[in-house]
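First chain A sits with chain B, and in the next complex the same chain sits with chain C.
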Partner chain A sequence: MDPFYMAQVLVRLLPPLGLTMLLSLTALVIATPLGLVLGAWRAELSDQQPAARLIDTWVLIVRGTPILIQIFVFYFILPKLGLQTPLFVMGVGALVLNSAGYQIEIGRAAVQSVAKGQWEAALALGFDRRASLLQFILPQAARRMVGPVMNELSQLIKASSVLSVITLFELHKAAEAISSANLRFSEVIVVEGILYFVFIFGISLIARVFERRLSSAGGLADAGSFAR
Partner chain B sequence: MTLLAANNLFKRFGSFTALDGVDLDLDRGERLVICGPSGSGKSTLIRCINRLEEPDSGTITIEGLPATDLQSLRRRVGMVFQQFNLFPNLTARENVAIGPRKLLGLSRAEADARAEALLDRVQLAGHADKLPSRLSGGQQQRVAIARALAMEPVLMLFDEPTSALDPEMIREVLDVMVELGEGGMSMIVVTHEMGFARRAADRICFMDQGRIVAMAPPQQFFEAPPHPRLVRFLENILGH
Partner chain C sequence: MSFDWIAFFEYLPRLIRASGVTLQVSLLSLGLACVLAPILALSRLLGPTLLRSAVQAFIELIRGLPPLVVIAFCYFALPKLGLVLSGFWCGVLALGVVGAVYAAEIIRSAIESLGKGQLEAALALGFARWQAVLDILLPQALRRILPPLTNEFANLIKASSLLSVISVHEISQVGQSLIFETFVVIEILVQMAILYLIIIGTVTFISRRLEKGLSS
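Coming up: the complex of A and B.
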């Protein structure tokens, strides 16, 4: 291990790290609300409704196939259908479809885990279903989503390394390029690993602050109107 | 004067008949206790009254009018559950205030004032800022009563309100209910607390297998039970 060489590698890996961050944060910002909202909605649908079947199929496919295959579908099949998409959009799209698939399950499970009595209390007061969901069920479900969503975020960042296969010059692709050009592997791998770790660790620190705010008394419930 | 009239209610769950042709009338200010063995349809009956269950057939009118929309019906009918079902992320005050504020258009100050007054009335004046998890079962159930009262209902439904409570807390909840009845509230109470029934009910009805098989004022109900199955039920429950 040559520290000087590692420092050089580090500097060269910073721009591709930027791309990795941009890819995964963009995907995250889209996939999390999309997945959680669809999941909460799915919890309200009966199994037979067309929208429910569509959502279930999405989840089934995402869970049942490797992300590598999902990315290749975007890369090889979309252009054949006449969709010329920039690589970045393709990469984000693949990550969103994948991650939202998992987050749908997180959202659905969290909403369904709120006790039936909470629904009944809200309905008996005279709230309609929609207001009951928004006012009482979702705030309770939201806290139960934070842990699993945090977990999914780190999965998402790691999954972004697979985008190297479609020639996106993100962190992993860049690391591969450097190590095969110089035929020195260990230093590059260690630096690459450290960069992923720092990024994921940083995100999870931010998420933990968010989680603490959610679980403090009152939390998300009726945000604003009961704020004192 | 009739407040509630339920006629010929039927309700099935799959092939099981939970309500098998129930008729029930309640006068304004009347306090009715419903008892009967587990599974006899007591919860189903009162849940049909505020449409947490939809009866398969039959009619229900409140104040002479059939329910036009669910939400306005439920705003006029308060319900107290066996498991309290307080909102765990809201304080006692917020639990009570949220209905009036969101549904009746009260300002926060008005809703909070109403909540404080009601918490005072159920002997919880000092507990307004506590989350439900910091309250005992009996205190939680009294918050739940205050929460239902905050909507100023014309009728209160209680589904075994003391069945989930430790014995030493049953009394404090029943006392609040007795006082509520004495104040003129129309109430239907599913309970096996026969002491409460004797003390506070105008009529007691006995359900079995989805039907009301006996209905009488307390004195007659206990001293000359009008049905053989009721006799057996009372023997079991009063431990004779």
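Coming up: the complex of A and C.
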């Protein structure tokens, strides 16, 4: 372990870290409204409606296959269709497809977790279903979405490392390139690990605080998951 | 762009063989995780202060890293420390440790979710702390542990796809090299997706059944 070399590596890894953050944030900004709205809508649909089937299929495929396969779909199939797509767009596309699939579940679970009495009260007061959902249920459900959605950002940072396989030069790819060029693996992996850890751990700490403050107690704390 | 069924069936056997490797790696790392997780969880709950904070730091560290970095560490950095493993066993080790850390959190939060009253009651009845945790809390927590734990198994299977970067011949690696060899893209991607869906779908189905069976 050579601290001087590690400092050099750290400086070289900062721009790729920026790309990792840009990828994850862009994907989050697109996937969150998409996923949460579809999820809240799905909570209102009955299982047999075609829209519900479509949303369920999306969730099933996204959660039932590794994100690596979803990335390959963008990487191999878009060019086959004759579309010249920049790697960044492919990467964001795969992350959005994936993250929205998980956030549909967040939105749906949050809406369904609002107690039945709230629905009944709103309907009894003469609001129709739509107004009850928008004015009574969603504001309560939104509080429960904040923690999981923040967590989603740290999940996206972790998932974006997989984009290294399509030679997108984010943090993991850059670290890999530097370490194999200089044949010094341990130092680079340690520096890379520190950078990932600071952001992922930091964000999940903030998410935990929000979760504790905003969601009513009860149920298991979400331990997160490590693979997409 | 049409779907080529001949190519589909030509390459299917190789991918089916590769899914055997995916299953092997996932099951072995599940086994490792099942051994490590209770040790981590219990030493975090019961251990002396120093051990407790060391285990907590380790858990937070692994949770704050992408699995790909843990895999790269095991493959590239461990040999420098004198531990040389083949790609396969390196994958088992990396996934086993990552899985164990998440499973340890599941066990801990399940035990903590039982509430203080259980622990206090057990202590008041004269049980030692470790007896209270092992004999009173753990059996009750078990029904809350099993369903999310089977879910973790599904995550392990998904994470095993990352082992393609250290050339373990599982579904993703074999599929990827088939694509580059043959330029048959869609048929092979569809096969890979279907194989994962079947494996992960089966595990998720069992997990749902367990959840229903235990909650009733």
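Convention: the second predicted complex is superposed on the first by the 200 of 228 C-alpha atoms of A that agree within 3 Å, B and C clash if a C-alpha of one lies under 4 Å from a C-alpha of the other, contacts with A are read in each partner's own complex, and residues count from 1 in each chain.
Here is the rule we use: contacts are C-beta pairs under 8 Å (C-beta built on N, C-alpha and C of every residue); 3 or more make two chains touch, one makes a residue touch a chain.
All of these numbers come straight from a predicted model, not from anything done at the bench.
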item: Which of chain B and chain C A:Phe201 touches, first, second, both or neither; value: second
item: Contacts of A:Val11 with chain B and chain C, given as first, second, both or neither; value: neither
item: Chain A residues touched - chain C or chain B, whichever exceeds; value: C
item: First, second, both or neither for A:Phe136, with chain B first and chain C second; value: first
item: Touched partner set for A:Gln118, first chain B, second chain C, both or neither; value: first
item: Contacts of A:Phe127 with chain B and chain C, given as first, second, both or neither; value: first
item: Shared chain A surface residues [contacts with chain B and with chain C]; value: 219-221, 225-226
item: Chain B-touching residues of chain A, taken from the complex the two chains share; value: 115, 117-118, 120-128, 131, 135-136, 139-140, 217-222, 225-226
item: Chain C residues within the chain A interface of the complex; value: 1, 60-61, 63-69, 72-73, 76-77, 80, 98-99, 101-102, 105-106, 109-110, 113, 144, 148, 151-152, 155-162, 164-165, 172, 175-176, 179, 185-186, 189, 192-193, 196-197, 200-201, 204
item: Chain C-facing residues of chain A, complex; value: 60-61, 63-69, 72-73, 76-77, 80-81, 154, 157-159, 161-162, 164-165, 172, 175-176, 179, 185-186, 189-190, 192-193, 196-197, 200-201, 204, 219-221, 223-228
item: List of chain B residues in touch with chain A within their complex; value: 50, 52, 70-72, 74-75, 77-79, 81, 83, 85-91, 94, 98-99, 101-103, 108, 131, 144, 147-148, 151
